[in-house]
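In what follows, chain A forms one complex with chain B and a second complex with chain C.
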Partner chain A sequence: MEKITCECGHVNPFGTEICEACGKPLQNVDSTKLINMRYEGGAVRSQTYKKHSIDKIWNFFSSVKVGIWIIVLILVAAAIGTIFPQQMYIPPTADPSTYYEEEYGTLGKIFYLLGFENLYGSWWFMLLLAALGISLVIVSIDRGFPLYRALKHQRVTRHNSFMNRQRLYIEVTQPLALEQLKTSLKKRRYKVKEENGNWLAEKNRFSRWGPYVNHTGLILFLIGAMLRFFPDMYLDQPLWIKEGETLAIPGTKTEDGQYYLKNNRFIMDTYKENDPKFAEALKKSSADIPSNYQSNVTLYKTKKDFLPGAKPELTKVKDYKLRVNDPLEFDSFSLYQVDFKPSQLDAFSFKLKRKKTDETIGEFTVNLANPKATYHLKKGYDITLKNYYKNVKVENNKELGSKDNNPENPLMLLKIIAPDVPKGERAVLGIQKNFELGQNKYRISLSGVKMKNVSGLTVKKDRTLPIIVIGGLIFMIGVVQGLYWNHRRVWLKKEGDRWLIAAHTNKNWFGMKRELQGISEETGMPVLQDQS
Partner chain B sequence: MKKKQKRLVLRSVLLLVIALAVGYTLYNTVFKDTSGNVQVGDQAPNFELTTLNGEKVKLSDFKGKKGVFLNFWGTWCDPCKREMPYMEELYKQYRDKGIEILAVDVGEASISVSDFKKRLHLSFPILMDDSKDVTRLYGIGPIPTTLLINADGKIIEKTSDSLSKEKIEEYMKRIKP
Partner chain C sequence: MRLQQFIMAQLSSTLLYIAFIIYLIATLVFALSLSDKKNKQAAYTKRWGRIGYGLSIIGFITQLGYFITRWVASGHAPVSNLFEFVTFFGMMMVFAFIVLYGIYRANALGVFAMPIALLIIAYGSMFPRDIAPLIPALKSDWLKIHVTTAALGEGILSISFIAGFIYLIRVVDQQLSSKKTKLIESIIYLLLCVLGFIIISAGSAAFHYETTFSWKGTKGEKLENVYTMPALIGPHNGEQLDDHFGPLVDAPSWINGKNAPKKLNTFVWSLLAGGVLYGLIRLILRKRIAAAIRPRLMNLNPDFIDEISYRSVAIGFPVFTLGALVFAMIWAQAAWTRYWGWDPKEVWALITFLFYAAYLHFRLSRGWHGEKSAWLCVIGFVIIMFNLVAVNLVVAGLHSYA
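What follows is the complex of A and B.
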C-alpha cells in the first residue's frame, strides 16, 4: 500500500492511475493508447484496500455493477407487484390465500405464494431498498472524494504523455494568437489559468458533482420513506363517525390533551338535471351523480389530564365543513372526508294506544345504539325494556342472541305498565314484527324511524413529506447539474517551439469539437484531431 | 497505519448506523403487530370506565396492588361467551389472591349486557366502553382479546384466543402479585 510519488513531486494515493497533479500515467506507462479519464484516474478507494471483513462488505457495495443489479431487481419486483392488486385493494372479506387463485388462476397463485400480494411492505423488498441506500452511500464516498481530490490537485502544466494520450490532441509549431485565444475562451465561459506559459482553460467543473448531489437526494428520499415507520412520524387511521356522535380521534393524543370530533351532519349533494355545464352528460345517466360529499364537524380538545374512557371535558376548537380534498387541519394532523354509509337505523318512535278506544296514551323514542331501560309516558304509564338485541338471531332454535353490534335488525322485549295492568303486559317489537304475549289491553305501534348517516373519515399525519420533497428536489438538481452541463478542459503546453494542445470533456464530444471549431475560426488555432 | 485504522472505524460505524436504521424499520413493519398501539412489554395505558352498576373504575387503581386480567368482549361473540363461565369460576377463587378481572364490553347497549350478565351469573366488574375509546386505545381487533397486566402495570401477554379454564388459571398465576 505504498503511496506513489510522481516525477513531478506530487504524492498520489495507492492505486492512482494518472498523477493527480501533472497527469502523467502511472500505470501502463509505455502504452500509446488513450488515457481512461474516468474519475480523473483517481484510485477508487475500496478497490485498493482489501483486508477486513468490513472492507469486504464495503467493496461489495462499492461496485457500480452491484448497484445497477440492485436497481434492476427493485424495478422488476416493483413491476411484478403491479400485475395483480395488492392485498390492501382486494375486498376486505376475501381470503387472500384463495382469492388470487380464484380470480387470476395459476399466475395468481404463484403471485401469492411468492409473497407479491404484500410486496411494498415485505421484508425482502425493504432489504432491497436498504441495499440500494447502502450502495448509493458507498459508491458516492468511494468515487466522489477521489474525484474531488484529483480535480483539486490538477496542475496547469501537464505531462507530455498525458497530453498526447488525450482523445482530442494536436501538436503544432506555428505561433498562436494568445490574446485572441484568451478572449475567445473567456467568451465561452472558460476560466483560463497560466503557469510558465502553459494554459489550462476549464469550465463547468461543478457538473462533475451532479451524480453525487443526485445520490444525496436519493438517500434523503429513502430516509424519508423509512421514517414513516418511526413513531410519531406517520399516521393513517380510519374513523367512522355517526351523525350526532362525539368520538376521540384516534392517534391525536398530544401532550396537552386528546382531540375529539363531533359529526353534526353528513351531506351528499347531487348535480341538478339542468346543470349548465354538465346537462348533456347528465342526460345519459339514469342515476344521480354526486357533486359533493361533506361532513359538518366540530373539533374539540380535552384538558391536559385526560383519561381515555372517562367522560371528557371538551373545549371547542372550531367548526369545519369537511369536503373531499378539503381536510380539516390541526396541529400536525389532517382529517379527510373519504367515505360514508347512508341511512343507518338510529331510533324507533312508538305510540302506546289503548286498544278498546284507540286512544293514544303517549309516545316514546328508543335509541337503537344504547336504549334506556324505562320510558315514562305519563303518570301511571311506563314502558320497560326487558331485553334488547341489536341484530337478532335465534340460537339453538330457542335462545335469542345478536349477530353483531350493528343495529340492523333490532328486536326489543317490552313491558307495558298501566294503572289497570300493574303487573304489566308484554310485547315484542322489531322490524316487521309486533307480537303480544297474552291478551293485551294496550298496543304499541311504530310511529317513526330515524335514520342517520355515518361519515367515513381518515386521520392523517405525515411528517416525512418535507424530507421526501426536499430529497426529490435535490435529486432533480443533481440530474440537471450532471446532464445539462459538461465539464470541459483545454490544455496548452509550450515545449520549445512546439505547442501541445489537448482537450477533454466528460460527455458530448460533438459539442466540444464544435466549440473548438468556433475557437479555431475566431483565432486561427488549429483544429484538434480526434485520436479515438 | 493510523489512517487505515481510522478508515476501518469509519466504515464500520457507517455500516452499523445503516444496519441499525434498517433493522429498526424492518422490526417495525414486519415483525411488530402494527394493528394496535399497545404491545406486550409496554406499560398498560391508563383509562377510566364506568361499570354496568355505575361505579367508576380506573386501571391505575390496581397498580401496585393487583394483577389485572383485562378482557375485551361482546355479547354477540360466541368464543367470548364460552370463556366467561371459566372466568367467573376462577374469579371467585383468585379475587382474594390479588387478581382482578375487568371485562370491557366494546360499546353495546347496557340492557343487552345486563341481561347477559344475569343469565351467566357473572360477578366480576363489567366495564362499558360506550365510545369504544378504550377499545381503540388498546388497538383491539377481533374479540375476545385478553391482556394480562401485572401488578407493576406492565402488559405481559396479549391473546385473541378463546381461553380454556386451564389457560385462564395459568394466566392468573402469572399475574398474581
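What follows is the complex of A and C.
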C-alpha cells in the first residue's frame, strides 16, 4: 500500500495509473497504446483493493456492469407489472384471488400466484431499488474522489509519453502563431495556463462532475421516496362528504386544533351538445362528457384545546371551490377533489294518516344518516324508531342486518302512538316497502325523498415532497451538466525545436475535432491526427 | 364565433395536409441527394441536400401552422387525443431532425428521418380527428407543458434510432444472410406494416366499408361492434349482422373484449399488408432491401453516423426526463394526488428512462460504440413506440385516450 512517487516529484496514492501531476503513465510504461483516460488514471478504490470481503462487496456495487444489470432488472420487472393491471387499478370491490383468473384466464392466475398484482410494493422490487441506491452511492464515492484529485493536481507540463499516447496528437517543427492561437482558444472559452512555455488550454471541467451530481440527486430522490414509510411523514385518507354535512377531516389534528370541512355543494358540469367547438365529437359520444367536478367547501378549525367528543367550536378558515387539478392547501395538508356519488338518499319525508277518514295527522322527516329516536307530530301523536338498518341485508336467511353505514337501502321499523292506540301500532318502511304488522288504524306513507350528492375527496400530507423536489432538481442539473457540455483540453509542449500538441475530450470527439479544425483555420496550427 | 372556429378547424386540417405533401417531397429530394459515386463532394449532393433541408423546414413551419390554428379552434393545446399526440410527435421528430441536420449536415439522416416521420403522422391521422373537449383531469397548463416536452424528448431520441439504423445498414455485411441482416429486414418489414395499416385504413374508409358483429362476452353480456376494415377475423362465435365480406376465421375465445377482436383483425391486416409490400419490393429489387440501400450509404463515415446517434441520445435524454418524468410528476401530484402511481404509461416512461440510462452507461463507461450502440438505439425506439401505441391501445390505464 505504498504511495508512488513519480519522477516529477509528485506523490501519488497507491493504485494510480497516470501521475496526477505530470501525466506520466505509471503502469504499462513501455506500451505505445493510447492511455486510458477514464477517471484520469486516478487510484480508483475498486480497481486497487480486491482482497477483503468488504472490498468484494464494495467492488461488486461499484462495478458499472453490476449497476447496468440492476437497471435492466428493474426495467424488466417494471414491464412485467404492466402486463395486467395492478391491484390498485382493479375495481375496489373485486376479489383479486378470483378477479385475475376470471378476467385474464390462466395467465392472469399465474400473474396473481406470483404476486405480480402488487409487484411494485413487493419485497424483491424494493430490494432492487435499494441495490440501485447502494450502487449509486458506492460508485460515486469510488470514482468521484479520485477523479477530483487527479483533475485538481494536474500540471500544465505533461510527460511526453502522456502527450503522444493521447488520441488526438501531432508533433511539429514549424513555429506556431502563439498570440493568434491564444486569442483563438480564448474565443472558444478555453482557459489557457502557461508554465515554462508549455500550455494547457482547458474548458468545461465542471461537466466531469455531471454524473456525480445527478447520482446525488437520484440518491436524494430515493431517500425521499423511502421516508414516506416513517411516521408522520405521509398521509393519504379518503373523505366522503355529503352536501350540507360538516365532518372532521381525518388525520388533520394538529397541536393547535382539528380541521373540519363543510361541503356546501357538489357540482358536475358537462359540455353542452351545441358547443360549437366540439359539436362533432359530442355528437358521436353517447354519454355526456364532463367538463368540471367541483365541491364548494368551507374549511373550519377548532380552538387549540378542544376536547374530543365535545361539540367543537368552529372558526371559519376559508371558502374554496375544490376542483380537479386545483387542490386546497392548508398547513401541510392538501385536499383533492377525486370522486363523487350523485344523488344519494339523504332523507325520507312521511305523512301519518288516519285510515278511516284519510285525514293527515302530521308530517315528519327522517334524516337517514342521523335519524332521531322519536318524532313528535302533535299532542298525543308520536312516532318512535324501533329498529333501523341503513343498508339492509338478510343474514342467515332470517335475521336482518346492515351491510355498512351508507344509507343506500334503508329499512325502518316504526311505532305509531296515538291517543286512541296508546300501546302503539307497528309499521315497516323502506324503499318500495310498506307493511303493517297487525290491523292498524293509522297509515304512514312516503311523501318525499331528499337526495344529496356526495363528494369524494382525498386528504394528503407528504412531507417528503421537498426532498423529492430537490433530488429531482439536482438530478436534472447533473444530467444537463454532464451531457450538454464536454470537458476539453489541449496541451502544447515545447521540446527543443519541436512542438508536441495533444488534445482530449471526455466525449463528442466529432465536436472536438471540428473545434480544432476551426482553430487550425484561424491560426495555421496543424490539424491533430486521430490515433485511434 | 361558430364560423370563425369552423374556418380555423378547416384551415388547420388543410395545413396538416400541405405539410404532409411537403415532407413527402423533401423525402424524395433527400433520396436523390445520396450518391453512390466515389466523389464524395459531388456538387449535386450538396445542392439536393440543401433543398431537402429547406423543404423540411417549410414543412415544419406549415405543420406548426396546423398546430396553432387547431389550438385556436379548440381553445386547448392540441395534444389531448391519440391523433393530436401522434401527429405532434411526428412534428417533434421533424424538429429534432432539423436541429441535428443543422449540426451534422448528413443527407442520409433526411432520407430516413423524413419518411419515418411521415409514416408516424399518417398513422396518427387514422385515429378520430374531431376536436374533442377536455375532461376535468386534463384541464391544466401542465397538459401542454408535460406532453409537448415529452414528445420533443421522444422525437430527439427517435433520431438516435434513425442514425443507428443507418449505421446498421451501412456496416452490416450484406454478402450473406445472417441473424443481423434478418433483424434489419424485420425492422424494415415492421415499418412497411405501418404503411400497410395506413393503406388498408385509408382504403376501407374511402369505400365506407363497415360490417357489424354481435357476440357474447365472457360474462354472457351482449357485445356489438362495427368493423371498419374487411373482417378477416370475427369475434369468437360472433354473428355478422349484414351480408358484407365476412370473417374467414373466428378469434380465439380469450380475445373477447368489446374492441379486442376488431383490434386483432386490424393487426392481422397490417401484418399481411406489410408482407405484401415487402414481398413486392423484394421482387422488384431482387435482393434484401437493406442490401439495395447499402451502396448508396458507402460514402458515409460510420463513426460520423455513430456520433450523430449518440449525440441525439445525449440531447434527448434530459429533455425526455424533464417532460415525461419531472413535469409528469408535478402534474400528477396536482391532478391525481400523487406524483407517482405506477400507472402503465408512467411505468413505460420510467422504462424508457431506465433504458437510455443503461445505454449511456454502456456507452460512456463500457465503451459500447458503433454496432452495439446502434442496436440499442433500435430497441430504444421500439420501447418508445410501444409506449406510444401499445400502452394506449392495449394496456388500459389512466392515460388511455382514444
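Here are a few things to note about the model shown:
As a working rule, the second predicted complex is superposed on the first by the 481 of 532 C-alpha atoms of A that agree within 3 Å, B and C clash if a C-alpha of one lies under 4 Å from a C-alpha of the other, contacts with A are read in each partner's own complex, and residues count from 1 in each chain.
Methods note: contacts are C-beta pairs under 8 Å (C-beta built on N, C-alpha and C of every residue); 3 or more make two chains touch, one makes a residue touch a chain.
Fair warning: this is a prediction, and the values are worked out from it, not measured in the lab.
Once the two complexes are overlaid on the shared chain, A:Asp331 sits clear of chain B and of chain C alike. Contact with chain B, but none with chain C, is seen for A:Phe229 once the two complexes are overlaid on the shared chain. Of the two partner chains, neither chain B nor chain C is touched by A:Asp339.
When the two structures are aligned on the shared chain, A:Gly401 is found in touch with chain B, with no touch to chain C. When the two structures are aligned on the shared chain, A:Asp256 is found in touch with neither chain B nor chain C. In the superposed model, A:Glu521 makes contact with neither chain B nor chain C. By the document's definition of touching, of the two partners only chain C reaches A:Leu282; chain B does not. For the contact definition in use here, the chain B contact set and the chain C contact set of chain A share no residue. Those residues of chain A that touch chain B in the shared complex are 1, 49, 51-52, 54-55, 57-58, 121-123, 126-127, 130, 133-134, 137, 226, 229-230, 246-248, 250-251, 307-310, 369-371, 373, 385, 387-391, 401-405.
Contact residues of chain A toward chain C in the complex are 38, 64-65, 67-68, 71-72, 74-75, 78-79, 81-83, 85-86, 88-89, 102-103, 105, 120, 236, 271, 275-278, 280-282, 284, 289-293, 323-327, 334, 336, 338, 458, 460, 465, 468, 472, 475-476, 479-480, 483-484, 507-510. By the touch criterion stated above, chain C contacts chain A in their complex at residues 1-2, 5-6, 73-75, 104, 128, 130-137, 139-140, 218, 254, 303-304, 307, 310-311, 314-315, 317-318, 321-322, 326, 329, 333-339, 341-344, 347-348, 350-351, 354-355, 357-358, 360-362, 364-366, 391, 395-397. Residues of chain B touching chain A in their complex: 4, 7-8, 11-12, 14-15, 18, 21-22, 24-26, 28-30, 37, 45-49, 56, 58, 74-76, 106-112, 115, 127, 129-134, 136-137.
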